[in-house]
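The two complexes that follow have chain A in common; it is paired with chain B in the first and with chain C in the second.
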Partner chain A sequence: MTLIYLILILLFISLCWFYLGNNSAKIIKTKSGRLHSLAHYYGLYVLLYSFLPSFFVFIIISVFDDLLFSFLINDYIPDNIKIEPDYNKTIILAQIQNLIDGINFGNPSDWIILASEKMQEWFKISTISNYCFSILVAIIGGYLGFKNIDQDFRSRNSVEKIVIFLLALSSVIAILTTIGIIFSVIFESLRFFAIIPASEFLFGLTWNPQFEGAERAGSGQEGLASYGSVPLFVGTLLISFIAICIAVPVGLYSAIYLSEYSSKKERSFFKPLLEILAGIPTVVYGFFAALTVAPMLRSGGSLLGLDVASESALAAGFVMGIMIIPFVSSLSDDVINAVPQSLRDAGYALGSTKNEVILKVILPAALPGIIGSIILAVSRAIGETMIVVMAAGLAANLSFNPLDAVTTVTAQIVTILVGDQEFESAKTLSAFALALTLIVITLILNFYALYIVKKYREQYE
Partner chain B sequence: MEMNEDKKDFKTNTVGDIFSDNPKIVSRNVSVYYNDKKAISDVSLDIGSKEIISLIGPSGCGKSTFLRCFNRMNDTIDGCKVEGKIFLDNENIYDEMIDVVPLRAKVGMVFQKPNPFPKSIYDNVAYGPRIHGLVDNKKDMDNIVEMSLKNAGLWDEVKDRLDSPGTGLSGGQQQRLCIARAIAVSPEIILMDEPCSALDPIATAKIEELLQTLANDYSIVIVTHSMQQAARVSQRTAYFHLGELVEVGYTKHIFTNPTDIKTQNYITGRIG
Partner chain C sequence: MNKSLMNAKDAELIVKSSVLKRRRKDKRLKFYGRSTIFIALSFLVFLFYSIFEKGIPGFFQYYVTLDVNLDQKRLDPKGDLSHESLYNGDGRGLVLEALYKVIKPKGRKEKKSAKKIISSNADVRIAKMILNDPSILGKTIPITFAVDDDIDSFLRGYIKRDTPESDRRINDKVINFVDILVKENKVIYKFSDYILTGSASRSPEIAGIKGALIGSILTLVVCFFLSFPLGVATAVYLEGFAPKNKITEIIEININNLAAVPSVVFGILGLAIFIGVFGMPRSIPLIGGMVLAIMTLPTIIISSRAAISAVPPSIKDAAYGVGASKLQTLMHHVIPLAIPGMLTGTIIGMARALGETAPLLMIGMVAFIVDIPNSIQEPATVLPVQIFMWADFAERMFINKTSSATIILLVFLILMNAIAVFLRNKLERRW
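What follows is the complex of A and B.
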């Protein structure tokens, strides 16, 4: 019996309560001719009274039984194992779980078999008690709600209160999740900074992470690994800068064309087309960059006598620029369209040409929104990973030359965390430090953008 | 035909005297279509030099449409077509050779809702002189801005904060700023489309007062939905009904002794 059935049962019970509540309200209405709220609010009220507490009980039991069992299982782990130096409870729990799932590597020790049997037994008990408690709560809760029903009871107000509570709960969950993510990144980063000093990470000029093992294998070449993140951030900035140099003019011009010059027909054709660009998966852009643009740049560069790396910042930045064009153009088009017609009229009535109206009236009025869309595009560019991995390479060169191969923060995070890894090593942990720095930079960028936009608003509203 | 065409030969359905002794604008048989819908038909009317003429009539009768013909603002509306002739100082403004840029410098416009640019007060007024290249140094520009604001009766209220945004002013001040912006390019005619309909009575009174002084220098065509306003400010009044110019004459005459039955009904409040 899995728990999914339990949820179905709980839903069924509360639906029954809905029916009962609804009906009894209708009966009261016909008898006394008066009812505070519409009948179905009484049904909903009883339904919520039945479902919410029972679902809560269900969640509590299913979450906390694991914790309880992993604590109880301590008694079944022999003491001599507990004092071994590389004793790791997570691994033992995984072994036990594997055994329960029927996955078996070699011959498990007797105590593990015993523990896993015990564990299975407990899980059975927990499942059964979960069923019993939840169903009981569903029935009792529904009954308590049902008892409240009479002709003066304000069920609509109560239901609204509960619904508002649920809405608030959802937004709290979203916020808590974000905070949780940030904190987990912070904690892992702190572990990294315990190994590598923050000053080296922030100001070091070479990035060359190595596993501990590799260092040892390198026979005495300790200090080979270095965690200076500057090349990565320079790479990120270089590629984002190239992308912005392409996306902002193209995006802005196409927005101006779309909103001021194109006919309705052209607009209804081009705008969706541009927005499709935003829907193409970035991995597709990635191979476009690696297979089409990079070779083109290479052969074009050799014609001019330039030495272009086969993976270059220019190729990645160029394609990334194309990718974020829709962000700039679509949003700018929206804000340009939002400039009131009355301002255009004022401009024309003073004898402005179309150009003057666009340059001196519309663009200044739309500027805050345009800046906002550019900032959004920048943060997309900074966070973009796939194109970089495929087109810019992984060589952490400290270079401002767009023709060189560079790498970015995100691309490094991916390479570090993909594949086999030692979780405790400085190399793995460095990914979190990179992520943290990236988060901080993006936050600062966003705050700055908001500040600029707000200043413009104050000036012009 | 030119403006000195024999007036007696000109036939029109309009009651009253469409002619002016000293015309600034002469319009003849003007019809305007939005796509295929006729908005005004066969309107002929003279606008005298330095007179204030008001256009009145129920909403949707084509007052704004007619007004927009004088500075060719109808050109900016998709599907709008103008027929007929409009002469400004003996020149047909719908002639192919006419450039709208100097035309609109000559014929200023003030809109129903105050629409200052989201720029400083100074830059609002300086906008027109700048795009027309009227001045080439800061001092002359300062002069133009000051004179325009003075003529619009706004200088004393804003002279200490010329750098603050024009959009931060009150509605009435904004509308006077728009008037200052229009007169900064030294137009000869000012068109006003219900300039007071978004304003409170005190701000309205100020603008009406201003109109009287402006009439010393400019010809003014004002659309208004308020008959009292038309009676207070204008020398002549033109009554529009369903796209036709029904009656035109001296304001006093129109409001006290209208000839056409439709005008009578409107004046006495039976059409609204």
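What follows is the complex of A and C.
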């Protein structure tokens, strides 16, 4: 927390430089009557020269000292512990950290005490050096900028260059995020495919992830882990299919009504109301599905003599269908609205009724866009997590029966990765492989949908 | 082709009958459209009804009023009114004595079952009262205590009297005692002290959402301060300065794709990069905010770009005309005019982040945390995750509390969206 003060100090120093730069520019102006830029640009220039490098130094030191220390601490871990089979550096680091924080579990061994003392010492040194270095850089940087000030110096141009550079830097974050996602998922997936062959993952019919310990403890086939992802994808498709069966008719008819039949007032009233459905958090839908819809389906099923599982694909799919209605209705509504009026007028001029114009002129014209909106809704349904976790269950049944409990890709990712996990085991890694396939599928769907919509728009614009 | 011409009357008849049919078809389509909207909205109403029906009672609970003799020696054994001394005191014993005075149990067995009536939190409540006002020590005053969740469920009628004793969670003796308390007018049903100010707990009668709510606020604050400046800066760059080249194109495609990535994947990113590579601790709002910031970034960028490009070129031209540079034009004229639109997009993104659950589960914000977080570096949970956790608990009372928490979450979301709509309607200029 003391680092917050350091940032404040740095800000203060650079503000001082701003004041100095601003003032000296003003003095130059009154003396010579001529200055390239407005005075405050000189101030800003000095401020940026002082703050940016010192902030950079600050970030570098405060991020990398932990990494350096966890590397240096190796020397203080006795060799006999390092060779032990269950040697785990993260745990040892956590033990040392606990001791520093004053949390004690039993009696720590001497070397841990020693290491934690060293660690504390290092942290002190790093904090002090962080203060010294960044303040020094702030002062020197400010001075270097300050020295540049004279009446011909183009400070506005320099400031603008720096600011535009910063703006460009922030737009790179989006790329970094994507790279981060790709790396984190692909690396772990490759490690997974080194343990489990890709063919087994893609075509295997049973999904039964186990930690290695559990695998050893289990006797016979039941205890063996298997990573065939087909049941998960069947479950995902089944639930998405149910959702689409609900969302598409409801969404499409609503869109037709809103864009063709309703008055303007009616439309501006109903459209936002429908969109509320997309704004409700998924955990609320999940709770609703598990608490209200699933028991209703169960009792309804038993009236008809059907055996509905308490966590059924139908309940999850039904609620998910409600959730994605606005995706279909709003997008389709926009697309239908974008069909040129001249097409409608042509239809009416031939004596068609509204119904005929809609079905025979507008819908065919808007079809690509409607399909695009449906694909987007499907991609949303495939990626949806909380509803399935809460309402569809975790049983990896290979079943096409909507009344059975099934599980999905997202639900498995969540259950595998929630809580503590060892990054080495095939079970944990399998979640990354699942995530990879999930990303690939949703991105393909998304690209395709956008492509269709774009192609269609070009026809009329 | 020797087709004879139809005579005019026949033709008219055919057309007339077909027109009727066609009009009927038209009406049918209109009817379908109306009824699907009706169906969709009734889903919405049903959802809200089922949550409110269970959630409103969740804000209330049953309390029992007892005249407790606040014996100084037993409550404050060390006599220094310190935390430690008060929490070591025998508050529970005094509460039970006060209870026994009303219901008069006979023998140890009856006393043992009578203990079940009062929530286990009673002694903490007394200790807190004394810390607030030490002058009550030594007096006998009426204090209200929450009843245990099973008793609460019984008083609400969820646990039925005519169920056989062996199938009930509370036995006949306890029911008898509760009847005495009701007859003596000791039981009241009032707004719960715990739902808004309590923290996570396994005992539903004292569980509340304060910790989760503060966790949510901390997480959103982090998310806002990361995503808003970054998003706006990116939007300004892409709209104002980016050269039309391959790199810009890649950035744009990237942003659009990030918007389509399922939210779970962002959780995986947080787990693998922030926790796995950088070794940051789990369950803290800092990481939660970072993950949510990455998730909302595309929303903010896209809406900010739309807001910036909606500012008419005449304004820019005027600024250029009086000699402003590109950056000056943007900073002094375009962005101030685009701010309402940017804020609208940001608030909508924040509302989505507030309701997001899955990515936060993966970075460990699902841990059972009793302490109320004070900073962004302390373990915390958030409101939707709390709802998810409570939804899993078996106690009947948790269903009500979960629904209450859901209502609070929805209220916050509606508030945020209302602010966004207000901004859009009042501040945004139409050109």
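In this section, the second predicted complex is superposed on the first by the 370 of 461 C-alpha atoms of A that agree within 3 Å, B and C clash if a C-alpha of one lies under 4 Å from a C-alpha of the other, contacts with A are read in each partner's own complex, and residues count from 1 in each chain.
Everything below uses one rule, namely that contacts are C-beta pairs under 8 Å (C-beta built on N, C-alpha and C of every residue); 3 or more make two chains touch, one makes a residue touch a chain.
Here the structure is a predicted model, which means the values were calculated and not measured.
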item: Of chain C and chain B, partner touching more chain A residues; value: C
item: Partner chain in contact with A:S342 - chain B first, chain C second, else both or neither; value: first
item: Which superposed partner A:Y451 touches (first chain B, second chain C, both, neither); value: neither
item: Which superposed partner A:T385 touches (first chain B, second chain C, both, neither); value: second
item: Partner chain(s) touched by A:P364 [first = chain B, second = chain C, both, neither]; value: first
item: Contacts of A:E356 with chain B and chain C, given as first, second, both or neither; value: both
item: Which of chain B and chain C A:Y19 touches, first, second, both or neither; value: neither
item: Where chain A meets both chain C and chain B, residue numbers; value: 353, 356
item: Chain C-touching residues of chain A, taken from the complex the two chains share; value: 1, 63, 66-67, 70, 90, 93, 156, 160, 163-164, 166-168, 170-175, 177-178, 180-181, 184-185, 188, 249-251, 253-254, 256-258, 260-261, 270, 273-274, 276-277, 279-288, 290-292, 322, 325, 329, 353-356, 358-359, 379, 382-386, 389-390, 410, 413-414, 417-419, 423, 431-432, 435, 438-439, 442-443, 446, 450
item: Complex contacts: residues of chain A adjacent to chain B; value: 340, 342-353, 356, 360-361, 364-365, 459-461
item: Touch list for chain C against partner chain A, complex; value: 22-23, 25-26, 28-30, 32-37, 39-41, 43-44, 46-47, 50-51, 54, 229-230, 233-234, 236-238, 241-242, 250-251, 254-258, 260-269, 271-273, 276, 278-279, 294, 297-298, 301, 325-327, 351-352, 354-358, 361-362, 364, 366, 375, 384-385, 387-388, 391, 399, 402-403, 406, 409-410, 413, 417
item: Residues on chain B engaged by chain A in the complex (per definition of touch); value: 71, 73, 76, 100-105, 108-109, 111, 113, 115-119, 127-128, 131-132, 165, 167-168, 178, 181-182, 185
